[in-house]
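Below: one structure in structure tokens.
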Amino acid sequence: MKRSPLSPADYHVRDLSLAEWGRKELTIAEHEMPGLMATRKKYGPLKPLAGVRITGSLHMTVQTAVLVETLAELGADLRWASCNIFSTQDHAAAAVVVGPPQAGGSPDEPRGVPVFAFKGETLEEYWEMTLKALSFPGEGDTGEGSASPASGPQLIVDDGGDATLLLHKGVQMEAGDAWVEGPAESYEEGVIKALLKRVHQEDSGFFRRLVSQWCGVSEETTTGVHRLYRMAQEGTLLVPAINVNDSVTKSKFDNLYGCRESLIDGIKRGTDVMIAGKVAVVCGYGDVGKGCAQSLRNQGARVIVTEIDPICALQASMEGYEVKRLETVLSRGDIFVTTTGNRDIITLEHLQGMKDQAIVANIGHFDNEIQVERLNASSGVVRENIKPQVDKYTWEDGQDDAGNTIKAHSIYLLSEGRLVNLGNATGHPSFVMSNSFTNQVLAQLDLWNHREDYKPGVRVLDKLLDEEVARLHLDKLGVELTRLTPEQAEYIGVSPTGPFKPEAYRY
Amino acid sequence: MKRSPLSPADYHVRDLSLAEWGRKELTIAEHEMPGLMATRKKYGPLKPLAGVRITGSLHMTVQTAVLVETLAELGADLRWASCNIFSTQDHAAAAVVVGPPQAGGSPDEPRGVPVFAFKGETLEEYWEMTLKALSFPGEGDTGEGSASPASGPQLIVDDGGDATLLLHKGVQMEAGDAWVEGPAESYEEGVIKALLKRVHQEDSGFFRRLVSQWCGVSEETTTGVHRLYRMAQEGTLLVPAINVNDSVTKSKFDNLYGCRESLIDGIKRGTDVMIAGKVAVVCGYGDVGKGCAQSLRNQGARVIVTEIDPICALQASMEGYEVKRLETVLSRGDIFVTTTGNRDIITLEHLQGMKDQAIVANIGHFDNEIQVERLNASSGVVRENIKPQVDKYTWEDGQDDAGNTIKAHSIYLLSEGRLVNLGNATGHPSFVMSNSFTNQVLAQLDLWNHREDYKPGVRVLDKLLDEEVARLHLDKLGVELTRLTPEQAEYIGVSPTGPFKPEAYRY
Amino acid sequence: MKRSPLSPADYHVRDLSLAEWGRKELTIAEHEMPGLMATRKKYGPLKPLAGVRITGSLHMTVQTAVLVETLAELGADLRWASCNIFSTQDHAAAAVVVGPPQAGGSPDEPRGVPVFAFKGETLEEYWEMTLKALSFPGEGDTGEGSASPASGPQLIVDDGGDATLLLHKGVQMEAGDAWVEGPAESYEEGVIKALLKRVHQEDSGFFRRLVSQWCGVSEETTTGVHRLYRMAQEGTLLVPAINVNDSVTKSKFDNLYGCRESLIDGIKRGTDVMIAGKVAVVCGYGDVGKGCAQSLRNQGARVIVTEIDPICALQASMEGYEVKRLETVLSRGDIFVTTTGNRDIITLEHLQGMKDQAIVANIGHFDNEIQVERLNASSGVVRENIKPQVDKYTWEDGQDDAGNTIKAHSIYLLSEGRLVNLGNATGHPSFVMSNSFTNQVLAQLDLWNHREDYKPGVRVLDKLLDEEVARLHLDKLGVELTRLTPEQAEYIGVSPTGPFKPEAYRY
Amino acid sequence: MKRSPLSPADYHVRDLSLAEWGRKELTIAEHEMPGLMATRKKYGPLKPLAGVRITGSLHMTVQTAVLVETLAELGADLRWASCNIFSTQDHAAAAVVVGPPQAGGSPDEPRGVPVFAFKGETLEEYWEMTLKALSFPGEGDTGEGSASPASGPQLIVDDGGDATLLLHKGVQMEAGDAWVEGPAESYEEGVIKALLKRVHQEDSGFFRRLVSQWCGVSEETTTGVHRLYRMAQEGTLLVPAINVNDSVTKSKFDNLYGCRESLIDGIKRGTDVMIAGKVAVVCGYGDVGKGCAQSLRNQGARVIVTEIDPICALQASMEGYEVKRLETVLSRGDIFVTTTGNRDIITLEHLQGMKDQAIVANIGHFDNEIQVERLNASSGVVRENIKPQVDKYTWEDGQDDAGNTIKAHSIYLLSEGRLVNLGNATGHPSFVMSNSFTNQVLAQLDLWNHREDYKPGVRVLDKLLDEEVARLHLDKLGVELTRLTPEQAEYIGVSPTGPFKPEAYRY
């Protein structure tokens, strides 16, 4: 495929000269992502996504770069933003913009995929770039006469749902919804509202046009999926959505095995602290929490779990973890990690009551798992930046506004409360992301193939596809799979080629 | 509750004098079964099962004894058999027959629950006693004039589905089905057919009468549940069934955490072998396989997994297990364990090709996971009994009928291929069984309460009940559960009191 | 070797008919004890211990049986007692007495080695039988004219030092030492003194005669070795001693890897309790404690360690264990295990303060790690035997003599405070014992070969022998050992054939 | 202590402006190094090392900075170099040069300790700077009339023995030894010889003068200690040496627990590779190998161990690792790590035979564990630098000079074969280094206090000091230490205050 040079308006990355290093890392990552490479091999020649406009809103890492180029190989017309202000790897972003080397192409001319992402964006920049990734150049399907307005995506690859959110909020605004005029519940919400209002002033039909050919979205996080189900229940979801998160090869792999490696990695790169001998408090014992707890224990920490769900609490207990409420263990914990996808897990009061030198990090989803905004706004605490993504907050002896006694102490907050594995390290390793991203590619194909018949709503991928994703990763590990005899298949009532388990099976 | 003396026809146990020891063990087990004890406390005074005839077909262990007496406390009229020829603990069986001490009762007079079970039954005895447990004395609802024919159960507590199978096969026979006349596929099938035919000769309406008031069955194994779904699909299922196996607090607890403790226990009591340094081959990586693999590794074995399902295979690989086909590792394995619920996992040919002194055990479900019948029928192998439930099979150098070369070697087969944890040890520990059995009790109550409206078919318990089962076990472990704030509950869209997860959540 | 029938005076075991089962188990164990079998193969034909009188005082298990028969194969004239009242496996004892099958021998005539041991001896029987094992029939080297007095051993294989103690105390008594007349510090000490006095009355030169040809002892426990060093320091040690305990292939193998398997085994056979979710308190973090803590955690317990040594305490902490004083955790622990080799680790007051239903066991050395004598003598507690080696002790609400409040509760004591792995299970598995026992055999050979030149004192085996013991066990595990090149050996300054480490190396 | 400004000749670091960041990190590290801080508190006021000239040759990391400033606090006059070309953390080096903030001092004027180190030195620079660190300004004790020649150190803190080596080789050269004239066995040896010759030409009595007041060296690595013992045996060792490596709180802590955390950290920062599912080959199963194997397994790798010592091989096997020769597993390994302290563990031929994309790293001691020089000199392989400390080597299909077939493949070499944890990450975490470095400080004090009576030779620190080092780290971890009663101490024959174990105890 011959690619054309990008115009400077079509990307916003830190430094294109990082592309050379990025291309090397991509080559390495490709060896670790057999699912994506097999997908390229199988579908690349067929170009099933030829010309399909796809927007991605997903951490712009080396692994994502392999995903982006896989979708490009399948023919897609892509624009990409990150879904987190700290998670971009600048060399990966640059590498995608420059693109794979091509015969006859000038080596330093960007001929790859438009990317809008750099490490350490402001929130204003973040949402602006999300919008740019959603706005394809050229003739939008409008009769309104504006010169060459933007087209929107036909498909979205989403992580956390920010791209989906922006489109929905924009369309609702244009339909007269008053949300955008209401007070902002957080600083970030204010940024979104300001952006929407600005666009509205410029072009009051912008978002309706942007979604006019939108056929679907695939979403890979618990949080984003939760938003989708809620919109579906409320009847506000505009398009069919595929819940990639609940593919077994996603939720039981990248959440669990990914975090098992990347949490420790983020903590180490951020703090170099010894884990052995420490008391680590893991808030939440879902798949993410299970991975985190296991890796902290395996490095010699004593792990205490907090949980709301009695079943998960009993699981934690059966694995030998102490299960307590956070209030009970503030003075014992050396390391605190939130893994929940919920909000206000660690409050300002919790932070104020912690042991001196405690390390605090979030690997759940949004930064509101920890009350960072309240922390930063609190008058009694001094913030000192140690190095990028590592801040020290210090309290003197005193009282907070509610009259609680505060003992002099400091804590370290990693990645400003955003995902520690992406902010302080490089996210999940390639191999596990190959599973997640192969699901994303299969979901995009499925959405496109069924663009005529799928209705707005949330569905999961077929179990046979889930098994296929796993199967594509076995050779690399030297796995020999056993095959059922016809008698055995008959005995347990399945086909010898799968799917092998009932839908409700929990793995 | 005042209990009457049992007639000698109402029980068949090894030795009533073991009851004293059994009663002591029951008292100990009650402390470890907080779910059942809480259920007694809550429902005991209400007697919601007053007079309801319940047949249990479930390993007659100390833990089961606590279940039986819990159902008795709720008012039920019970009869019990084991569901495995080796799994009965004779002192537990005796203790149940004698019953709890009662004021004014003679201490050595059996006033408990009828039990038909002893360790080491023949298959003929086993099925005979299953039938007895299904046959309640007194007036069956018949107009056929026979003197005091048996009544059948109103509810069944099943494990593996043997009681349910017998009733269905009996009714089908009486409806003219020819299965009973066909050739037996195994020795055990022959035993069942012979029994059915004998009953039929004596009383051709026996089974119809027995099922005439049957309202439901709760089943707790993968295998038994699989049979139920199949019957439901085929339209032959006679009653509503509750799949207790797929309660999270069952499948993810007793299968996983139970086996993690009881597999090693069975192997040790059977063989005293050192696990460290050995190569252990675990066939199947479902919940049972996961628990088995973990415990073998934790004792210092290198574990190799065999799998048919690519997802489970990838899970095994991510946990650091080698995944191979059984044929590939016959000469490397020191210990082989089947955990699948499928048949013919270890064939006669596999056994013939194993390393000298290999230990072979099954913890899946039926003994047909290992081809024990073919082994025993094979002419080239000599069987020597070492002690109860431990047999040595020895081959000399030679060839089998298919011309395969056999090298001189011996293997040790535990529990004749039946469940090694129950045959060689005492099954799962009380605490984890308290989870499974509390599900059973809740399922019995649910079936009885909905006897009017449930239709034949298979259902699972409500997630709220599942969470309740877990909750009842937390105090004993000192767990502090965190409570969602209303804002948090709203944010993730659940009630602060649960259920906390969507149906498809995998834990 | 043709063996003669034993006279009934030459053994005291439970039941000779158990020998058939025992012989089968011996055959199995031989496959798991490659070190001993290699030693038989190498030295058997040479009979280097031909006619040497050896007394063993060592748990009479199946593994010990293989040791005994290995020494017999090397030519020794043996007599054996157990070193613990509960540790004998009656079928193993019987098997040793009957001996290996021999051509032309009557199968049921005892032609093996004299053994004095059965499971559940009283302390009186225990010391009586230790004496019998020390007393060889025939002409002792005496001029005192008594008819056919006993000869003593030329070598002793000791475990815990009871045989050595008895001989030393006897000789000291005969030399006029007044210890035997003083008050007994424990019940057992009283038993020993009574025995010594009785012998003294009958024959005032008995012990001097018994030790007259004694050339040495090899001892394999921390406790026994400690006694030996103390005697050597005090100048009272009569013979050269080899400290087998401090061979790496002993202390770092059977203490660590043996206990890792046998502790859980003992607890399970004794109580069937679920380990997962429990809080286990391990007193002591030496090699035994390390193995115990690891296995309890691996089964899902939270482990708390108590320690006196700051280095071991720091090790425990680095492995993620909480380290506390016992007093602090009495109300949290569900399982308490002593592993120290010291006394009064768990006092009566500790027992009184424990959580209801706590399980208490010792795997250290003597039963005085737990204050069992004080417990049994305490007026406020009721003892109930549940089954052999499992006793329940119950306190009502009240106060002890010192005025401490006691809350109503029960505890379970395993094996009356004696070694739980031998009392409730079958001790360490064969493979690890093959390491320990190969050291014992090599030590016996070394003592015999150097009987002329070794002086009284304590020595360890040469590191090259230690490495040899390890080497003999590698093939069975499929280990490939790498060989140093001459350049590499030169570079690190060792011989390519070992020893590979300096003396102080800690492994 | 008022400190004077340093002259620019007294340091060579990358960038003094990094000092601000470095000072922040030092403050954090001090909280994690309780042993050093307690030493400062106890000895700081006494200044026991007042004016003592100490040269350090030890990785110039943040942790080392805390050590350096601890020695400064005790009064020492220090000069410091790194002992590895990649291990310097530039911000730590700058921070030490700038020194702690002082009242009245200008904040940006260097008033700290002279340091000669930066990350990525050439070998020439490295040895030059080692020499500078050994050369104190001012009047050396010479009568030769040169203007203000250098003084040498009175004490050396060594890691690997390079400073000690340089002094010994220099003195030997001045005494007429011909080594310096011989051919160099490696590139690095050539660099050393060139340096020595250059110095010799300038000043033929330089080294004799430098060692004239040298009183001792403390050394903390297996490799360096081995060199010292060899020199002691050969009678060439010039001074008393303390073997800090064999303090339990060193070898069993930083080797084991340090590597357990820092190996993974180095691999992750270098490659971001997923560990789970990979096959990792660990060459050597000493303390370093034990830590490495454990952490790789804990992250989900299957670990294969290579060993020369049958005891360590058996240990590996008991822990469930496969033990093979390297040749056997070249095509199975994804990650290869050398941990031995020996040379030529991974040869060029091994590298040529590895699986495609294998990762190769050394955490043993010198880079000659892997044949990097041969690799770089090999004509058939292409080297590509991916990023600092990560190189890719690629072979095409072909043959090597010996005619061995080579299959096309690439491998990744980390840190050019030097210590991966220091080259690719930041070395061991502070807490464990606090143990090692507290030993170093105690050793320096001991050497100084005994400068009159210690003879040349190698000694270890007293066990009581070893226990004290551990004790100083317990509070930070919340450890409660149990205290022996007098009766217990008497029973096991130790003092209630320690030492608690015999010398040979292995922990």
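So that you can tell them apart, the chains are marked A, B, C and D in the order they are listed, and the count of residues begins at 1 in each.
Note that in this section contacts are C-beta pairs under 8 Å (C-beta built on N, C-alpha and C of every residue); 3 or more make two chains touch, one makes a residue touch a chain.
Only a predicted model underlies this, so the values are computations on that prediction, with no experimental measurement involved.
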item	value
Pair exhibiting more inter-chain C-beta contacts, B-D or C-D	C-D
Farthest-lying chain, centroid of Cα atoms versus that of subunit A	C
Subunit C and subunit D, separation of their C-alpha mean positions in angstrom	43
CA centroid of subunit A to CA centroid of subunit D, Å	40
Centre distance in Å when subunit B and subunit D are each reduced to the mean of their C-alpha atoms	59
For subunit D, residues that touch 2 or more chains besides their own	257, 276-277, 300, 317-318, 322, 432, 477-478
Sites on subunit D touched by subunit A in the complex	21, 24-25, 28, 31-32, 62, 257, 260-261, 264-265, 268-269, 271-279, 295, 298-300, 332, 356-357, 384, 386-387, 392, 412, 425-426, 429-432, 476-478
Subunit B to subunit A touching residues, read off their complex	226, 229-230, 246, 248-249, 251-253, 257, 287, 306-315, 317-318, 322-326, 328, 341-344, 432, 435, 460, 466-468, 470-471, 473-474, 477-485, 487-488, 491-493, 498, 500-504, 506-507
Contacting residues of subunit B [partner subunit D, same complex]	276-277, 297, 300-302, 317-322
